[in-house]
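Once you've had a glance at the structure underneath, I'll fire off some questions.
For clarity, chains are labelled A, B, C, D and E in written order, and residue numbers in each chain start from 1.
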Amino acid sequence: MIPISYLVLVFLFGSVVSYLITKANRIVGAIFNFLLTFYALFVLWNLEIGHTEKLFSILEGVENTFKVSSLGKYFSIISLIVISLVSFFIIEWIRKKPSRPAAFNAFVLIMSAGIIGVFFSNDLLTLYIFWEIAVLGSFLIVPMGKEDSKKAAVIYVVTSAIGSYMYLFATFSIYNKYGILEFDQVSRFLLNEPSNLFKWFIILFIASAGIAKSGIFPLHTWLRITHGNAPDAFSAILSGQLVKMGSYVLAISLSVFPSTKLLASFYSGVPLLNYILIWLGNISIIIGTFMAIRQNDMKQLIAYSSVANGGYILVGLGVMNSIGYAGGLFHVFNHAIAAAMIFLSFAAVVYRTGTTKIDEMGGLIWKMPWTFVTYLVGIISLAGIPPTSGFISKWMIFNALLTKGMFVTLTITFIGSVGSFLYVFRPLAGVFLGQLKKKHYEVKEVSPVMLIPMLVLTLLTLFIGVYPKPVLDFIVSIENSLGIKPIEYSGTIIKTSLGQWDTLTVFTMFAVGFIIALVLYIIFPRGKKVELTDQYTGGEYLFNYDLYHYATGFYRFLERLYDKHPSFEKLYGMLVSFFKSMGEIINELFYKVSPSGYVFWISIVILILFWVRW
Amino acid sequence: MMTIIRVAAVLLTGFFVGLTLEGVSRKIIARIQRRYGPPWYQNFIDVFKALSKNGITHGWIFDFGILMALGGVIATLAFVPLGDLVAFPGLDNLFIIVYLFAVGALGMAMGMVGSGNPNSSIGVARALTQMLGYEIPYMISVSAVMYYYKTASVSELMLSQQDSWTLLKMPLGGIVAFISLLGMLGKKPFDTPIAPAEIASGPMVELSAKYMGLLMLMHTFSIFVEIGLFVDIFLGISNYWTFLIKFTVIWILATLISSVLPRFRIEQVVKFYWKVPLGLAFLQALFVLLGWVF
Amino acid sequence: MANHERNIWEKIADQLRSKSLWMLHYCTGCGAIELPPSMTSRFDMERFGMGPMATPRQADILFITGYLSAKTLRRVIYTYEQMPEPKYVIGFGSCTLNGGIYYDSYATINRLDYYIPVDLYIAGCMPRPEALLEAFNELMKMIRKGEANGWKQYKENYDWYKNNQIRSLGEVLVHDEFHE
Amino acid sequence: MVYYISFILIGIGIYGFLTQKNLFKHLISLTIIDTAINIFIISLGYISGEEAPIYSKYTPIANFVDPLPQALVLTAIVIGVGILALGVSLLIKVYEKYGTLDVEEIVAKEGK
Amino acid sequence: MSALLIAVPLLIAFLFVPLKNKIKYILPFVALFSLILILKLPIEQVNFLGGWKAPFGITLVLDNSSYYSLIVVNIIFFLLSLIPQIIEKDLSLIFLILMASINGLILTGDLFNSFVFLEITSVAAYILSSSKRNYYGAFKYLILGSIAGAFYLLGTLYSYIGTGSLNLADISKNINSEFLAVVPILIFIGLAVETKIFPLAGWVPDVYASGSALTPAILATGVTFSMMYLFGRIFITVFHGEFLNVVYIFGLITVVVAELSALKQDNLLRALSFSSIAQAGLFLSVISMNSYESLTAGYFHLLNDITAKFVLFIIAASIGKSFIKNKTTGIAFSIASFSLIGFPLFAGFRSKLLILKTAFLNQNYILPIILLFATIIEIAYVLRWNIKLWYPDNILPQEKEKTQKLSWNVNLILLIVALVIIVIGFYPDIYLKIAQNIASGLTNYRAYVTNVLGGM
């Protein structure tokens, strides 16, 4: 198998090749993209742990190397699954949608090169380099979406720049203090580091890159605009996978630098730093859930759900006991797959109907049944309902919080999971169920090329939901490598201190119940098929069937409870306009002045200088 | 083989006891209103009468929703231990039961909205909001109990009430759980989703014959799940028969309360649940943390 | 009505149907006020297993309690067609029988029978709850004996009913008068 | 003592810049500053009682004033003149373009 | 021999005055000639004009720092001369004079001589900036520049009073404390206008954003580099880093102020001019840490910035609204702007790393914070411009035809410079060697003094 550095180079040059091919013919370019990503997935699948490769060396004394850690391999395999399936989806999707297909394909490859680099880099600087390459790649694709995706792209890059520059600041202070940057060496130095303040500063600043990227509380505002307006298939990659880079950095800052051993425990085994990060996760769960319930644009709704799920992952990772950490990692897998599934089904819907507003659509289930099935299984997994894999990770996080006795966080996770029933149901009711709008009568199901990746993801979720062994093996190997007590499970029974459950019996019992209901359904007389337009509405007969469809303001009564909510977007907007107005004043004062103004400033400078010297 | 028998036993008890108790509750309400009320087996007749008629359907999603609802609730019921009758001994984790119940709720919601009637969509939206309301206090009070006994399996929770009932140990938690139980059952103070006067019996608007029958079955099973959980966790050790007695007592108590109270508006439901019960639940959790348990 | 024999299942079903009748009452005219007393403690309709239902989809009996103008008749016909089989109709009061005191008015219809099949009429210019309960018991006996099959007649000579309805309501059945 | 004259002149020049609206007056105050500095350069090398450093066989080297500032001042004056000439030509162009030399009107027209 | 560098361009400029518009085609040869001349010259070589020994006569010093900066400046001139399209009809004469005066500025070892060359460069700059009818901007630049020149003259005079000589090496040898207070201030003000320090850079937006491609291209790159070199030469070699902490504060203020005012610009050229002010301010604050590594980092950053600005200004001035018609220039523009921000694959990233390393080395934590904050703001507006040009919204069809296609040779040169940026991103040792040599030349002033004064 070719080493990783060659893989990254193949991707970088591949992007130029795919640019040329897509210039010639879109479909062939997209196929080339898919084959490349699939080959990369194959290569990554059978990479053995511990395999290291030396790269260049920028700062002397620091060897930039790639090292395959189990954590990196886990994250990269999830990412590659998502990217390869989405690029399979793009083969059909590219026929009509992005304004510049050639650039689109090229930048997807650049981004995936960055991603592979991030997950396998063995020291802070290489991680930063590939991190910026991934940001550059994804930044160039975002503006191809709807009209205010251009503003979204700038906000996206600025927020991730804030995070990554704090990360860079921490990297250089480590380099300045110790002279080394490899993860294990840094954690060894941090262990016997006297000053507590320095440890806090390092972990918080490194975690800030993760916070910015996975949309945790203070830096979460970019998610709504970017996911809402990016080109549809790309927002699947954006939310399914790029957000996971943030979780990867969070995982590093919390587990690779062993936070439990570094800092004194503050509340039942959880250090104060983790506690603060958990609280950031909590706030982002609340914001994500309650804002998602309000949204009328389906993609922005799921974007807010990514904020909430990012919060879940952070809470899971923050708790740092074996079950909690495993729950966090498992949730990374679930959210990646579920978000990719949901966004792909939205891409299919938008591909056919052209709009993302929920109340402009309705009854698409009759025309696009398979997209509906994907969306249904996706939201079942996102909301964490048993037969699918989404529930396992939430169950682990609940157990971890319960053993630690952190009741407020437990409440917020409950609010998050029950709230997720509400906001995932809104597009289901608004977009797929109900009467079909007149303008969507001739909408057809999406072509099989787009359906295959969606159905593959559906089967994957259900399979892992019933038989979570492959993912659990990965998590156990990660926990062993990081020195956390691994979770114990046998076959499909997952055991924790609080109790155990068996995914298989739950699934079989659900199937048995379904069969009983089916038998009852068949025995008794068949119902007569009646058109959706024949409804009981108090004897009245509406000729305009669109009026039947109840989709606008689906939870209006709940939203009215928190209409006047503090919005952080407005806060950051004010901040930016403050900077701009300051810039305006400076411009007026210093740069648009008449000559006498210049002389005035010269004399001021002279006075200051002379006053300073005496 | 034993599990199949046990599961069948649980389901049959759910069916028979559930329907008789519903008939009993209708008789009690009638008695309160100083009239005779229907015979106790009236609900059996209603169910079979509904199943025997040939109604209408609005497409495959409408049928699939009902089947998923009934299947989910049957699966949840299988996991609930009725006193000492436990279908799956080690595997009855409380989170599984609560979230498997959500499968039923989601299935019903999907089916009802699939019927395309605006009344049913409004009803479903109200049902989900109400669920958001009562679920949180319920889960906190129950997790306080779980934290105290250090186990999440329902049967163990029941068995660990050696000395006295959890209801006596944690009265606040018990009260909160009972209030959210009323919300779960959809009894009068909290039956905004099925408000017959406002939205023509909410989600069940388009449910004609057979589907109405299946839904009544589902309703019976869900009552059994909710009260069964409450009895197991809060009302001490009980074998099969004492479990049924406690079950009927709680059921009658709930019917008495619901027969005299008017209906909440949906905003009031959420606001009520997040003020009084949530406060009490947090208080209870604090007491458990501090170890002040009677 | 030829009472062709019913197989065993239908006999059992008729027994059950008679024991639990769900009623959708179309309260028009002065008959509506007779229903509350028949449901509350004095006359208690529920002991026969009968109860009011909000939607036609779940109702067995369509209970029409007074005069029907051209406009309200259309609503009644929609509701009737939305009820699942087997369904029964009870005309309450003389207004449904022969137009009652409004027999010569331009707006009301005189015989309900022409438009939807009525199984049972209750005479009286607003009969009392006792008459109502007597009628319900009579209907239960008819169901048990299998005679109450107005809905079969509706299905068999459907076009006859349709002509009557269109003759009196006009083609407006399809187009709603608000939009024209 | 001569320093004070040049510093006063520089003060006047700067004052001229700050108060005047007309661009041409800016140019004049600029030349005032240039001449002030030239005076300062000259006054540097002055030794009382010595002659101008014009070398010929009649004037012995001994009693010369310091010749270096004299040389410097020559180039400084040339540069001052060059800048002045360039300034004036620019002003002509400004006048052609805006029709006025007043700062407010130009800014209004220019919108800058 | 090194005097030829100044003499030849001046001579050709005066010879070809009558046939003005022919000069445009001779420029490349002149630039090539001076380049070849430099490469042939031996490095350690002091040229005494008119045979006078150091403290008395005017010397042209050619140590390795001035040698390499001469190469850089002349390469820039050569590149510019290869694209005659952007040079207006009679400005090529000025171009030659500017080349001569900049060579002089770098070479000269005499303070008053540097004043004269400074004035000539400024005069050439005033004329250049008056292209595209930007007379008012040029006039304002003239006023500011000449006042600064006056103060620079005062500075030289005071140093003459203090040390009795005008030679840089001589001054640096026996400058004493109480003159050290006054002279750096005056010279700092003199140079502040050209090196675009905070309050005195008022002229930059009007001059750079006048619309002509040549003015910003040559001013922002060639002139700025030579001024920065002069700044380094005087403040580090002569005054041994005496005055630098004040410069440090001014530099930081310039960075913040310039970035903020760039945020709101709706004209690309003005935004880029503010960005060049900010980069100059950053360079000065890095320089004022006054150590060999910080000087290397500073000059390395300056070199990257110049290459990027060269590409950016030419494209910004010549491209209309969007890159639809000319994709290659678009790619060059994006590469240059990404290197400006400091994305990893490009040169800017290497210089940012170096600056951060040196800043952390001398425990200076304010500079990294300001640098990172400034880069975040820079990302905001540079990328917004990138998107606005790549994905222009509501371009009217007839406007689309109007955006004329850039001629082939301009495209070619821009692409070459852009590729240089990428190559530097991977193998930075070319620029790094130049920067190290300049830094070493500036810092060990003892070698400079002995070299010039011949061990007197």
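The rule is simple: a residue touches a chain if its C-beta (ideal position, glycine included) is under 8 Å from a C-beta of that chain, and two chains touch if they have at least 3 such contacts.
It should be emphasised that the depicted structure is a prediction, and the values quoted were computed from it without experimental measurement.
K.L.:
Mind listing the touching groups among the other chains when subunit A isn't counted?
P.N.:
Excluding subunit A but keeping the rest fixed, the chains that touch end up grouped as B, C | D, E.
K.L.:
Can you tell me the least number of steps between subunit B and subunit C, where a step is a move to a chain it touches?
P.N.:
When the steps are counted carefully, the minimum from subunit B to subunit C is 1.
K.L.:
Comparing centres built from CA atoms, which chain ends up most distant from subunit D?
P.N.:
Result for the farthest chain: C.
K.L.:
What pair of chains has the most C-beta pairs in contact?
P.N.:
A-B
K.L.:
Please report how many Å separate the Cα centroid of subunit B from that of subunit E, as a whole number.
P.N.:
Roughly 78 Å separates the two chain centres.
K.L.:
Rounded to a whole Å, what is the gap between the Cα centroids of subunit A and subunit E?
P.N.:
The answer is 45 Å.
K.L.:
Just how far, in Å, is the C-alpha centre of subunit C from the one of subunit A?
P.N.:
The answer is 59 Å.
K.L.:
For subunit C versus subunit E, what separation do you get between their C-alpha means, in angstrom?
P.N.:
The separation of the two C-alpha centroids amounts to 97 Å.
K.L.:
When you check subunit E against every other chain, which residues touch at least two of them?
P.N.:
139, 143, 147, 206
K.L.:
Residue numbers in subunit B touching 2 or more other chains?
P.N.:
Correct list: 52-56, 200, 205-206, 208-209.
K.L.:
Check each residue of subunit D and list the ones that touch at least two other chains.
P.N.:
Answer for subunit D, listing residues that touch two or more other chains: 17, 23, 26, 112.
K.L.:
Identify every two-chain combination in which the chains touch.
P.N.:
Touching chain pairs, listed by label, come out as A-B, A-C, A-D, A-E, B-C, D-E.
K.L.:
Taking the complex as given, what residues does subunit D use to touch subunit E?
P.N.:
By the definition above, subunit D touches subunit E via 17, 23, 26, 30, 33-34, 37, 40-41, 44, 68-69, 72, 75-76, 79, 82-83, 86-87, 90-91, 93-94, 97-98, 106, 110, 112.
K.L.:
Which bits of subunit B are touching subunit C when the two form their complex?
P.N.:
Answer in residue numbers: 26, 30, 33-39, 42, 45-46, 48-50, 52-56, 196-197, 200-201, 204-209, 212.
K.L.:
Would you tell me which residues of subunit C are touching subunit A in their complex?
P.N.:
55-57, 75-76, 78-79, 82, 175-176, 179
K.L.:
Which of the residues in subunit A end up touching subunit E in this complex?
P.N.:
58-59, 99, 128-130, 132-133, 136, 139, 143-144, 147, 150, 153-154, 157-158, 161-162, 165-166, 168-169, 172-173, 175-176, 579-580, 582-584, 586-587, 590-595, 597-599, 601-602, 604-606, 609-610, 612-613
K.L.:
Hey, which residues of subunit A end up touching subunit B in the complex?
P.N.:
363, 365-366, 372, 376, 380, 383-387, 391, 394-395, 398-399, 402, 405, 407-408, 410-411, 414-415, 417-419, 421-422, 425, 428-429, 433-435, 493, 496-502, 505-506, 509-518, 520-521, 524-530, 532, 534-538, 548-551, 554-555, 557-558, 560-561
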